[in-house]
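Before we start, here is the structure in question, set down as structure tokens.
Labels A, B, C, D, E, F, G and H are assigned to the chains in the order they are written; within every chain, residues are numbered from 1.
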């Protein structure tokens, strides 16, 4: 098992945090894991991203060039990373900000109304967790529950409130994805 | 201690603290800045010395001063900053006092970029300033190793009264990985015997690198060379995998080494009897063990994130007869496992007589 | 040029993109006044007709790419060494107009020596010194210009005084050297001050054209990203927090420069 | 007061809002519907209001030099801001 | 100690070799006032009883061996970097007395950045700044402090003004920084001035002992060898040529230091 | 032109002038200071640019600026000053523009002393700052060669748009020897096509070493490496003596090489079939010719005024089988002819099978 | 005026003449007959003159700290120069 | 033929100049020649010296450790260099400043009343040439006439007067040495 994840978006969208949540959860699960941010001036006003590799074996490069899972929160990151998703991989994106026509049929693509769902979950800032929830539904190398547990045990959410909101967001994302999958497979 | 998910830069900083770092001086530069920022928070909390210097030149000379005062001291930087420290490094080395410098390498030359690279292998292993000496150089391949080698760096520095460089790169510095931290050591209750502490109840002490008469200069250099000879004998460090029955050796350090590991693993899975040799000490280069291994294999591949620098050390160990292939990426490019694997396979098929793939067994 | 919608025929253009400014997307954060400083420089260059004679030395800092942002010759110095590089250029081409663009980390911290010596040598170059009280590029560490108590990533408890010391006042320092001909501080936080800043840049370049010596314009500038503010808040912060410590003013104008 | 207008190079606009808060006529807004190629919501003139005086203050603030200012011809063309790059 | 002839029994010693001064033959040229500066430092250290607490940072320059010339702990910095090294020492041992001894090439030229930043940080160290208007050690090249028109081996036609610029006034420059507590200029050319120089060194050390901040004593000093004069002529040259350009005086004495 | 008795430093300065030096920036340091002092006099006389910089850092960056402006430009220094220039050197190299730097080496590390040494071989050939590149390095063994190689340095720098270091030492810099100077070249009437001269009637030009994207950084590095490959192919230079029938080779450059010459001459007189190989280009190291020679001999002796740095290049060329002996002096000590001769004789008798001395014939 | 005398550490004296020209009593000379271990002609007190006042000016100037000054005991010991390192 | 010369004395005694005169003359004669000064802070207040190697063959090191000819003008240089003279070599020293008992009998030693002879020649500063003249009489690898010619043709003397004085000094030194030699051989 090796999952190569890219989470990308604007600086303020919590993409680094979303990646860290995945990484902590993977560590807690007993996987090998690396988390690698974009860094330096690239972040400035542009796209921030991080790369998470989760594996049951030694991880070579933490740099992901062909993600098996891409979680993309804004337009520029979509333009940049959507074409790089590995065949057979999954692309989860934030339809609230991205409205591009998806043309690849060798990957699974899921447009999540992230903002709307996050607001329903209680805070637009939980957008990142909505997409993580959806992603894990599609690529179930870990459970959303594991993420919730991780957010809690490593005190990653800022407050009990935010924790609750994040958990709801994960669930909403997952639910959305599952309905999509079932609609597809049915 | 429980495993923690830590960024390399932060892990090195915390490990240094725990190893007894008493005074840190540094200047921001990507991709090492988190190290400085972390210590900006932690050192004052512990009542220890943190100071952001006005430049890398000032930083290394503050380190020089702190080392003269007998403190466990450290700075950290990257390419351009390391270049600015060369004079200070040479003075520290010429003064026979311990200090630790963390170099989180990035792409060069010039301003280059801030992406991971190993382009300063020569600078850290060969010159590190003017004059005849080498620092001890340690190259971590993971965050855990960065932690462990940071502690070792301080111990070696103190033991040999010698400069130690922890040569990481942007990948190690920026990445988060699970790791275990060492326990917090108590700070020493007394100062080392060379420390300038005021000449109270003892003769005055002097620390300098000036030997005006060439005879004295030579004597001092002989002392340094003798120390280096001992270091070469005692401090060679390396890690190896799959080497027992290997007929082909991949050699890489730091990030390139960890990526090479995955490639070798994959090659094994494809039945190639490849092994991995990962130098931990870049100076002293682990040529004793490497030579033994090279005698056993039919060829080797050096993997670096540069144009081929350690390559020279390997060629020195390999002699003329063993074919040495090279795979390098430059300017901040990080090779993928697939890149290295395909370089491995093509070198393997070229060099190894019996290179028809046999389905072998993977072992670590 | 990216296509700009047609102008209503009945109106005349009163302001357009300066010729000396390249038509590229910059790496600056939204609302960062580095951009304003660039625009003012380009306007000044246009106004004086210097585009074909000008050579810019970019710094290491957020403005690291500034040599790409002007339609004129440019190069890039190692961190803090722009005045030395500019000296090399100017001495070899005394008739060209040589400018450096430097941040406060670049000029006030690592590069203070080169700045002082260029000023002391009366080197006829012009420095645009962008003081945003922080290291922008590397993510918000303390600069020598960081205010007392200001929290940065390398002074998380707020900058303590006297350790690591009072903010460094560059204009005041360089004005004290006999070799400097024109040293002023301006601010980019409101319209009046922006206009004055532009004027100062024009004058500084004139000082260089007239061969009067070293000129420097310090610009109080914002870093919304690392200050953690919106761009308009950041302009307010300049006014409220920086201006009292770094008063705008003319710190040195030699007699001959007053005539320009 | 003369009539004026502005043109915003939406491609280079970073939606920083400096022009918005600077405009004395309060006729600039951020268009949160639109996202440009760099991912920003650009500023836009509330054209319908027709209150722009062509004073140029917005252009004076714009860090990305993406505002051009136009004005009805006057006897004494005002030159507060920048150089005149017409014709 | 080399044997000194017996003292006539009827007399009392009123002056003897300071304890803090090592009894060695120095590398200074005959009549070079570096030697006087050393002696004054040693006397000051003795007077304040600091020998066992003092750490000297020697420069690169004629005083390169000065760490050997005192009976106290010492080390030697790379050219110009003594203030940084002293900072490293002082921060680790705040109770010790840390001094640098620097020439004008060392401090004013290559090392101006480190000096300014140490002063700006209010670093509680003491700098003895020996200004002899020349690079002594390397054979008489121009220093930033070289006078207008002064011939040196690297300004063979005499130092031209403004290129390479006016002499740099270090005391004036550093006094302007808020972090400096005590900055004075003294001269070593006659008895009265030598006495005042000694007093200033004592006060500067007291400023450090009291933790008041950065202190610096500039000493106008001779270089008979590279000036091409006899030692007494060189003292005259200080008086006639240096004093008008570098007036002795108190450039900064913070209130608390006046009480010392 | 008549032969003149000239000090190496002065001869280099005058040769640079005649080769078209337009702008010199430098900072005093022994043992190169006469070079600066001489140009302080001569450059203004010729209406060219001379400026004493405030430091070596400023000097190299002034050179960087002058090179951007399209001028033939140079600086000079020694150990500590060279260390301070490392960042600037790397930027110049990263910007693909020409410049010449004279390094008159002295004993290190640290302040060391001012006596002749070759202890910075690694610094000049291997790193010269951070990043993946090598400057071209030329090593004169006499004042005449210093003159000739200075002219060559400018020509190579311009031809390849590459940094060239003239690596002399205190001996070459300080000694007077008869030499012949080249004629005075006229200065070029136009500027090179990369020069920043104001964007008049042409698009703006930019000179920088920044390649933020690793892909661009790698592409730029490949360009540098391709240039270096061409330099390695075309610019290897060496001198040899008595090699025709040699069964033993002495290898030394610069001052050590000239001293070795006398030793080899003496060995020949004693019937030993020794030859001398004297690298002129240290980078590119003349390994093509050296390998041929090493294939012919039974052993070799490397002579350096350091702890053994070029030694690595020789070992790389020699492979494992050929015995390589080393004689080095450090910290400013200069070997005598007798020193080298006795090292030669002992290596010779150890390595050369037929080593019973035969009375041979000396020839140059 | 009190009587005094000086002792010169001839070994460390560099014959620089600063004491010679500084002495108000003009009682110091350079001994051009003598050469010390470092090759210098050291300074020497013209003892026979007995005019040394022990004022200490010579010591104040001596860059090599090789002059010790002695004086006949007085009621108020003068301390113009340096520290008292007796006994 | 190889002559390894050291000329040493105080800074002001013209030792570098004397060495250069020898070097120029050697070049004019057609010899290989190197001249190497002491340099740096060592000069300061101490002993200045230079080393001249004259040879009809390639010269290896210009550094002379065992001079075949030492011309020593002051005490410190005598203490330093007299013991280093090669067996069979010659030591010419300035008796006006040096009064040490010579103990070596494996070298030729000549104490020249340099100052006195220089004053007779017309200027005490010609002391160096007196010693050079004496040295060349003892080690005749070049003639004193060659030196005179060299001083003239390379304009080494400051003025025609000084040239004449230097020439006289060379002659006086030579004459002194010759009388010594004849006294010895007779």
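Please note the rule applied: contacts are C-beta pairs under 8 Å (C-beta built on N, C-alpha and C of every residue); 3 or more make two chains touch, one makes a residue touch a chain.
If you're wondering where the values come from, they're calculated on a predicted model, not measured in any experiment.
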Number of hops, chain A to chain E, where each hop joins two touching chains: 2
E-F or C-D - the one linked by more C-beta pairs in contact: C-D
Approximate Å spacing (C-alpha centroids) for the pair chain B, chain H: 56
Geometric centre distance via CA averages, chain H-chain F, whole Å: 35
Distance from the mean Cα position of chain C to that of chain A, given in whole angstrom: 41
Chain B residues counted as touching two or more neighbouring chains: 30, 51, 54-55, 57, 80, 87, 91, 95, 110-111, 114, 208-210, 212, 334
Sites on chain G at which at least two other chains make contact: 14, 38
Multi-chain contact residues (two or more partners), chain E: 28-30, 64, 76, 78, 109-110, 112-113, 117, 144, 164
Touching residues on chain E, where the partner in the complex is chain B: 22, 51-55, 57-58, 64-65, 67-68, 70-78, 81, 84-93, 96-97, 113-114, 117
Chain G residues within the chain E interface of the complex: 3-5, 7, 9, 11-12, 14-18, 21-22, 38, 40, 54, 56-57, 59-73, 77-86
Partner chain C, residues of chain F touching it in the complex: 22-23, 25, 49, 51, 53-55, 57-59, 61-71, 73, 87-88, 91, 95, 196-201, 204-210
Chain D residues within the chain A interface of the complex: 14, 35, 37-39
Residues on chain C engaged by chain E in the complex (per definition of touch): 109-113, 116-117, 120-123, 144, 162-166, 168, 172-173, 176-179, 213
